[in-house]
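Input: structures, listed below.
Presented sequentially are two complexes of chain A, the first with chain B as partner and the second with chain C.
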Partner chain A sequence: MIKDKTFEFKNGGDPDVASAVAAIRSLLEFLRRDQSETILGLRENMTQAIRRLEETDSSVAVSSGGELFLRFISLTSLEHPDLSQCKNVMIERGELFLKKISLSRGKVGKLCHTFIKDGAKILTHSSSRVVLKVLENAAADNKRFTVYVTESQPDSAGKRMAQKLRKLNIPVMVVLDAAVGYIMEKVDLVIVGAEGVVESGGVINKIGTYQMAVCSKAHNKPFYVVAESFKFVRLYPLNQQDVPDRFKYTADILKTVKDLNQEHPMIDYTPPSLITLLFTDLGVLTPSAVSDELIKLYL
Partner chain B sequence: MADSDGRQVDGVNHATDKDVKLQEIALAKNEGKELTKEEKQRLRKEKKQHKKNKKDDKGPPEKEKEKEKASVPAPSKPATQSPAHKAAPAPVHASESAAAAEKPAKSKAELRAERRARQDSERTSKQGKKEGGQQSASSKPKATPNELQPVVKRLPEHVQVDDPAALKKLAKKLERQQKSGQGCGLNKTGVEVPLRSDYGYKVSLFSHLHQYSRKSPPTLQISIPATVIHPSIVRLGLQYSQGIIAGSNARSVALLHTFKQVIQDYSTPPNEELSRDLVNKLSPYISFLSQCRPLSASMGNAIKYIKKEISNIPSQCKEEEAKGKLQACIDSYINEKIILASEAISKYAIEKISDGDVILVYGCSSLVNHILCKAFEKQRKFRVIVVDSRPRLEGREALRRLVKKGIRCTYVLISALSYILPEVSKVFLGAHALLANGYVMSRVGTSQIALVAKAYNVPVLVCCETYKFCERVQTDSFVSNELDDPDDLIVTRNGKSHLENWQTVKSLGLLNLVYDVTPPDFVDLVITDLGMIPCTSVPVVLRVKNVDQ
Partner chain C sequence: MPGADKETDLSERIESFLSELKRCGSGAGSLRGSAETARETTALLRRITAQARWGNAGELMEIIRKEGRRMTAAQPSETTVGNMIRRVLKIIREEYARSRGSSEETDQQESLHKLLTSGGSSEDNFRQHFTHLKANVIEAINELLTELEGTTDNISMQALEHIHSNEVIMTIGRSRTVEAFLKDAARKRKFHVIVAECAPFCQGHEMATSLCKEDIETTVIPDAAIFAVMSRVNKVIIGTQTVLANGGLRAVNGTHTLALAAKHHSTPLIVCAPMFKLSPQLVILLYKNYFFVLILSKVNAHCPVFDYVPPELITLFISNIGGNAPSYIYRLMSELYHPEDHEL
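This part shows the complex of A and B:
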């Protein structure tokens, strides 16, 4: 099947590329190779493809990226009588979309690094490529700062983040997940990435983020989230239970395990009341502005 | 006009000192100081003649005539008066000047009337800036000589409910509306659009609101058959004031159906355009309805929609066709904004109801009841706790509807709220209106429930159709509210009612509030027909809606 060919794009390539970007790249390739006769058939095939991608990688970003891609390419006048012309228009839009989102990480980095003052102590959670970009930009700006990273079990992603930071010559210290409350009084600000930004302005991120947000609120430290705009997703969780199961666990676990209550979820939901600001390629937003942007994107 | 010209001619012929005197008077008039009695009477007579000649023709032709009238006479004319009048585009103002002209000739009353008219014209000319660039420009330089007079800043009429002068003005306005609706053929012993009088002692914080008694219906003084107010509007008004039709959706739907009836029975008088005359016919009805019970935000939006549709009827459209079109518009409004919206909202809301949920509802919201019934049909397993409060006890109606469906319900009074909340997993609330700053206006007691739910970390969901979104901004429940009949609070137990003679106790006031306002921090989610939005995104929806229209 065509889908299997496109999986190569995803993880075989650049590890620096966000999984959503890789997914969108493969969707674009899929669009190019698609053989359907009608636009409706095309859309159906695309939705099928997105679902297949979600089955491999069940992160929120893939789901949101895929949906936004679909919306973006069909948000143009497809009144041409010839299907191949329509397809060309859609492919053009798709490439434009891909270009935009490839640049988004750079934009976010540029926006956020000015919020890091000289001599700052930063706390971050798990491994996020966007946060890495931000810190890279700040270091390039000749700012001196220290970073505390949580270990982030069960996959010890925090240690990988620490390695990458050491390569950039940034002083970094790895702390236990349980030491967040202990370290909070030392830090000046908290910056985390996001796997998905929901309609309420809250974020879905690696498990442990909610805890860190509650702690930072208690200590009155600013809690910043950096995320690209393709991560905006049409979910509205009311509490931790309300996040759909398909995002909480990895794709293999969803397929193999029967009783999900025994499994540990990989993500949690941080409500908007705990977030100070969100840095996106659409600009610096407050949590309530996220919904406005979503309405503009989706309505 | 003729008189002054004659006089001036005389002045030329006669001695110069008389001339000087005339010029002094003219100067005094120009500077807007005290007018002499004769000048004022003459002005009034001219205006009366003018009004009789024109009938109900408002708008540009009248303004042009007034302009002509103002430009033709010599500059000694009180130029300050007429341009100030002509500048105001609203026909209300034109008739107001007529009303001012018809007041009895007492000097102080005249002066006050003229001053008030001038101030109103200033206010309306400020409002009318959008409409007539030229006119407002002309009113501006001429308004400045008016400001030499001490301009008293007046509160808008609806806020000054206890001020007798404001009451008199409101009464006159209602009288005028009946007159404008009838044209020339006047009669009547009874007042057509009655002015209800306040009842009982009002708590001082709410003294700017009206408090009526259900025992004195607004229709006491209406003559039968009512000629100005359509009988179905009279019936609707009574149903509102007696509380027979209650609830935001019910009131709006009843209003729209009644307007359909009114449009059906309407016939355009000769020399009139349907698009303008029908809107004017509706004004006394709306005043009457707001006297019966203050209009809700949803009713306000519905009325705005109808007025827009009516004024958009092209003039060459035949009457039957226009009426049919209007009725179709009203039907589609009800269908889209209320019925289909509730279907859409139920679809979104059912996603939020999971098996094993304990849902708390307050009072009787038609939308929330609909959602729960639909969720029950979709085989969701949940139980409901209905919270109720005096004096309306609307929760009983909600309880009745839910139990009939077969949903497991518990019934508590609002005083037991903190006792029951630890069991609750979600709170569903209805709304009367959603304000532009994200505050939710709903039945009194709602903000209390939201507050306690927040303290227990229970998510609060508000369900509201988009037609209830209003442009108003309010941060507290005092500024704009509704006071219900205070006698409702009197409770009779064992044959004894302790508050029976509350009026005799001078320091006792009974307060029966109807609405309160909930801040957006207590509301987690608003479900509308456009989707699920946070409370702070209401202005975005309003903006999108305005762009659509």
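This part shows the complex of A and C:
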């Protein structure tokens, strides 16, 4: 049943919705239909549902959305020990939470576009809806700028991003992933999205982001990350190997392939030392401020 | 009528303050240094609280915001004015929350936790009237003024921990905070100071003269010699005009060069800045502050007044509340200002 719901929300539904938001929406629906008698039973059902969701879509965002939802349940159940009352409060708060986080992309867009100056040349990686929103806001502000997008193999997501930007009348050029070092001297700033923001203040994003960050550091260009706050995840990777396998590869590959060493990972980890600023709906944060936010939530 | 007199008196004072601010940009006004500006701004805000007509906290905040916007527009490069206004707005919010008896002071910031647990609109629009609010706010502003008076002393008290005997310290231009810092250490330690003169106004010369009066061995060097001399320097101690939200600095021109030279030689760079210089802004338009110097009749020289120094080049911030790393500035800022006041 949960699988039908997720398919309904993700494939059939709005492609503009972030995967974490779709996951949380389906979990909320699951919560509504849940029949358990105790809060512990409810939590167990939720955990199972989240696991099923991760089997369908193994991205970091879904995992962070799921964990946030579990946290949400625990916090609410602490305040209202009676199950039926608790459920009503949860559903009400869940709706409010959903409403707030669907607005977060707009908030990020508003914060970031002031950093784009007239005549700027921006480099971005792969296809990110948040970066698109930021560039949309900047264009609406009558700023003139050019965008370079990396192709981002293996799924050529960069080409899709370029199409969307062309529709907004923003001059855009697609470059090879290998051309990042070549193009870095021309650009003024780098803006990327994130699939997950980790505790250290680093980000997990499409493969190739780390490369871009190292290059921009070498050329002294600011490297900005735009992400909504529900992408904050409780991971602390120290290097690329530390990122769990379940995030690196798509769900289908995890299920079918025996030797993961032969597969190419879809994401990489960018350490906080390479990131200049993070733009989130909680404000503009330095990488050191991210762990503060996570502590406030989980402690 | 006494009420009308108070109002005209208040608006007169505000106007005279605004004209002082406009003049201090050209160096002609009586407001010398950010400490005085901060004190004058806070005193004026206290007067506004006492004399303006307002019924509840929301109205007071509106009045202060309105006057605040005028003040920052009068002299955009003087960021302490904006900082003090934001401090006072935070004071009003805190006093209001305390009068309501709620513990909301800790929950002021947006956070993931708040997103998850807030049920329904807990929107506080500050419309409730409290009789003691005025007295409480004025008392809190008085505390702020006392804090402002003591900032230079608090910073100087930490001097002995950072300056050791027979050290060579480099500084640039003239900063009253650094001057007091060095003079305090000189009472007990013997050390050598190298001052970069900081062309074209050469304020370093005044700094050197002032330090010499306290029997501190001082050397003045031209800005071009900074890199050459840096290998002999143990520490660099500088002041700044503003501390930005990411831990970077907006300081007198030449500071970025100094910071890069210090980084190259792995020399620690210490910034002495009182808390009222901390600004929640990240991007301050730098290219508007220029001086034009006429050398020959056909040559114009553009001279930027301020430099941006990125946070990676700074080792330590010494403020009136102690020493902090640049990566911690965001935390200090969240304690001083409310996020909704970042934009006045």
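Note that the second predicted complex is superposed on the first by the 285 of 299 C-alpha atoms of A that agree within 3 Å, B and C clash if a C-alpha of one lies under 4 Å from a C-alpha of the other, contacts with A are read in each partner's own complex, and residues count from 1 in each chain.
The working rule: contacts are C-beta pairs under 8 Å (C-beta built on N, C-alpha and C of every residue); 3 or more make two chains touch, one makes a residue touch a chain.
In this text, all values refer to a predicted model and were calculated from it rather than measured experimentally.
Trainee: Consider chain A as the common anchor and indicate whether chain B and chain C clash or fit when overlaid.
Mentor: fit
Trainee: By the touch definition at the top of the document, which applies to A:Gln163: first (chain B), second (chain C), both, or neither?
Mentor: neither
Trainee: Contacts for A:Tyr236 in the overlay, against chain B (first) and chain C (second): which applies, first, second, both or neither?
Mentor: In the superposition, A:Tyr236 touches chain B alone.
Trainee: Residues of chain A touched by chain B versus by chain C: which partner has the larger set?
Mentor: C
Trainee: Using the touch definition from the top, say if A:Val284 reaches chain B (first), chain C (second), both or neither.
Mentor: Touch partner of A:Val284: chain C, not chain B.
Trainee: For A:Gln85 in the superposed arrangement: first (chain B), second (chain C), both or neither?
Mentor: neither
Trainee: Quick one: is A:Phe115 in contact with chain B, with chain C, with both, or with neither? Answer first, second, both or neither.
Mentor: second
Trainee: Using the touch definition from the top, say if A:Asp292 reaches chain B (first), chain C (second), both or neither.
Mentor: both
Trainee: Determine, under the contact definition given at the top, whether A:Glu199 touches first (chain B), second (chain C), both, or neither.
Mentor: After superposition on chain A, A:Glu199 lies in contact with chain B alone.
Trainee: Rounded to a whole Å, what is the shortest Cα gap between chain B and chain C in the overlaid structures?
Mentor: Across the overlay, chain B reaches chain C at a minimum of 6 Å between C-alpha atoms.
Trainee: Return the residues of chain A at which the contacts from chain B and from chain C coincide.
Mentor: The overlap between the chain B and chain C interfaces on chain A comprises residues 288, 292.
Trainee: Help me check something: in the complex, which residues belonging to chain C touch chain A?
Mentor: Listed in rising order, the residues are 110-113, 115-120, 245-247, 282-283, 311, 327-328, 330-331, 339.
Trainee: Once bound in the complex, which stretches of chain A touch chain C?
Mentor: Residues 68, 71-72, 75-76, 89, 92-93, 96-97, 100-101, 114-115, 229-230, 232, 276-277, 281-286, 288-289, 292-294, 296-297.
Trainee: Touching chain B in the complex: which residues of chain A?
Mentor: Of all residues in chain A, those touching chain B are 199-201, 236, 238-239, 241-242, 272-273, 288, 291-292, 295, 299.
Trainee: Could you pull out which chain B residues touch chain A in their complex?
Mentor: 352, 354, 426, 459, 461, 521, 524-525, 530-534, 536-537, 540-541, 544
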